[in-house]
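Next, two complexes with chain A in common: one pairs it with chain B, the other with chain C.
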Partner chain A sequence: MWWKSLFGIYMVLIILGAFLYAPVAKGLGETTRILFFHVPCAWIATLAFLVSAVYSILYLRKQKMIHDLKASSAAQIGLVFTILATITGSIWAKQIWHSYWNWDPRESSIFILLLIYAAYFALRSAVDEQNQKARLSAVYSIIAFVTVPFLIFVVPRIVESLHPDPLINPRGKVDMDSRMSTVFFGSFVGFTALFFWMLYLKIQIARLSQFKFKPGD
Partner chain B sequence: MGKNAFMWATKSLIIFQKDVQLEFRTRFAINAIVLFAITTLTAISFSIGPARLETTILSALLWIILFFSAMSGLSHIFVREEEQQTADTLRLVTTPLSIFLGKWLFNVVLLFALEIIIVPLYFILMNTSQSAGNNFLLFLLLLFWGSLGLATVSTIIAAIISQASARGALFAVLAFPISLPVLISSIHGTRLALEGNTFSECLPDLQILIAFFVVILTVSILTFEFIWKSN
Partner chain C sequence: MKVLISMMQTVVDTVSNAMGSSQLDQTSSSDIYVVLTITLIVWCGLFFYLVYLDRQVKKVKDRVEIKEN
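So, the complex of A and B:
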């Protein structure tokens, strides 16, 4: 498949660009380079959560197992990227803030996302019957999804954030060097493509191994 | 038409009445929740001794007690239907909407009953009753809306876990991330109220509590049907 090799070359270019091409930001030094991997990871964590909620709604409407499979697969990949975003963020925090963890609002919100994913899988493992598992976890996913916007407003009320925000800032624009933003958005596109490819693979694997789908299902 | 429109309300009240009668027959939930709260309160009071706590810790401890007490007793409302195998009969008798509203009302009343006992006790044991300058009316307002949010989250999560195995452990795990907006704003608002701030300074917290309650109740009503439906 030609596009797989193309995608591989693209990601290699992004990694090379992150380390060699992009300049460092003022005041952050070489730690800037984690930005090109940490922020896309956090983005995928959020995107996977959204995808999972959308397929949960679809499952409740259509009652087809394929939607539950997609919802849970998206959540599984989301969990991996949430952990990656947490770890990369924590390493960066140690360098800049001299502590791995200090409950900065951004650290709190990624931790809450981690809790929600963990609760989702705890619920899935506690229900045996397939349809019931799909139904209950779909409902939980939707309820968790409507909670998250509140946390965005609530969490910063505890402490002021020190987190640098090139994407979500009050002025709503990107303050970045043009070479930096090229690599940055390139990395976004690459990670998003990676997410959907992983999702596709997970669904194919599940289809082949445990689910016996009828043609129209 | 007028009669039909209010049928669901009447039916919810009947479900509520049934649960209250059942509750007074065994007194399981009220015993569990009140004794749990008193045990926690005693443990905290013993361990801090005569020390006076700051308002930051005071408000956090109060809401932690309320949260875990809710976690100890509020799931009973749905778990009982499954354990006594009365859920199927209930499914035949009435609509999911009235069942959810009836049970939600029961949990709200139960949580308020708990607070009538535990909140005065908390302030007596924590030596704060004589401290001047707190805005008590504002505190009651925060308590009211915070409890409504907490009771609503507990009711919908109770409905989910009553269908799963390992119910006790799962309840707090599932409810905690969802109740976080309530907990954070209530703790923040309670601290402000205890420090004697005015209504307008607490307004953002109250707005969040009210908005969260409305949203979570709506989503619960919309999704409850799917939880309740048997295979």
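So, the complex of A and C:
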């Protein structure tokens, strides 16, 4: 329990740091602070889809249902964070670019990603037989993840974008104020820990839900 | 419950006023309310996901209790 309390205090410190410690960037004003919540959401979405793809590969190799459970749980959390990144990005866009949606490469990419992973759950709910569902969705998840590096990392770098330069730019440097980067990377760590905690809970619940009682239990 | 609804109403009103005024004045400090909205959306999203997980836990618990009785 102690680590959960410690984690709670850590996240409170990150939020306080985002509002009180980190300076604002030129041209963005107070909206700079959105960075500490919006970008980690997008990062967790990518990480969750990666975890989903890894467990999908493991399922295809070992044919154990637990890997399918883990893959679908990670994809579900990934979808939640993709929705959060889309909504928060859209509100930020309204404030900075005066429109909720501009079909910027990153906006288009996240929209396509949303559709791809929404289709993953449509596929899962369309198949009743457990093994077939697991096999089909594992293959789909792997193919879906192949698009992620292109949509998240490649497309925004080759097409002109309203978004600022990627954090790690072509010079391989992080151009960010030190106080800002402390809160920013601190937020990344916090959100990553939160993701693994949520994933653990989701997997435990999914496992218990599938538990079959034997006669006499 | 009423207090909670009125608090939410106040927050929504404040944020919508802030967003309206910032369209008129881009240098307005009301941008901070937009940041507040984003923070609340992220934490509300996570909260509702946790509520969903909590409901799933309850379902499992109910199943276990039915089997025990």
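Everything below uses one rule, namely that the second predicted complex is superposed on the first by the 195 of 217 C-alpha atoms of A that agree within 3 Å, B and C clash if a C-alpha of one lies under 4 Å from a C-alpha of the other, contacts with A are read in each partner's own complex, and residues count from 1 in each chain.
Please note the rule applied: contacts are C-beta pairs under 8 Å (C-beta built on N, C-alpha and C of every residue); 3 or more make two chains touch, one makes a residue touch a chain.
None of the values given here were measured: they were computed from a predicted structure.
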{"item": "Contacts of A:Ala122 with chain B and chain C, given as first, second, both or neither", "value": "first"}
{"item": "Partner chain(s) touched by A:Met198 [first = chain B, second = chain C, both, neither]", "value": "second"}
{"item": "Contacts of A:Asn102 with chain B and chain C, given as first, second, both or neither", "value": "neither"}
{"item": "Contacts of A:Arg135 with chain B and chain C, given as first, second, both or neither", "value": "first"}
{"item": "Which superposed partner A:Phe150 touches (first chain B, second chain C, both, neither)", "value": "first"}
{"item": "Chain C partner contacts - residues on chain A that touch it in the complex", "value": "15, 18-19, 29-31, 33-34, 37-38, 41, 77, 80, 83-84, 87-88, 91-92, 94-95, 98, 194, 198, 201-202, 205, 208-209, 213, 217"}
{"item": "Chain A contact footprint on chain C (complex, rising order)", "value": "19, 22-23, 27, 29, 31-32, 34-35, 37-39, 41-42, 45-46, 49-50, 53, 56-57, 59-60, 67"}
{"item": "Chain B partner contacts - residues on chain A that touch it in the complex", "value": "60, 112, 115-116, 118-119, 122-123, 126-129, 131-132, 135-136, 138-140, 142-144, 146-147, 150-151, 153-155, 157-158"}
{"item": "Residues of chain B defined as touching chain A within the complex", "value": "156-157, 160-161, 163-166, 170, 173-174, 176-178, 180-181, 184-185, 188, 204-205, 208, 211-212, 215-216, 219-220, 223, 226-227, 229, 231"}
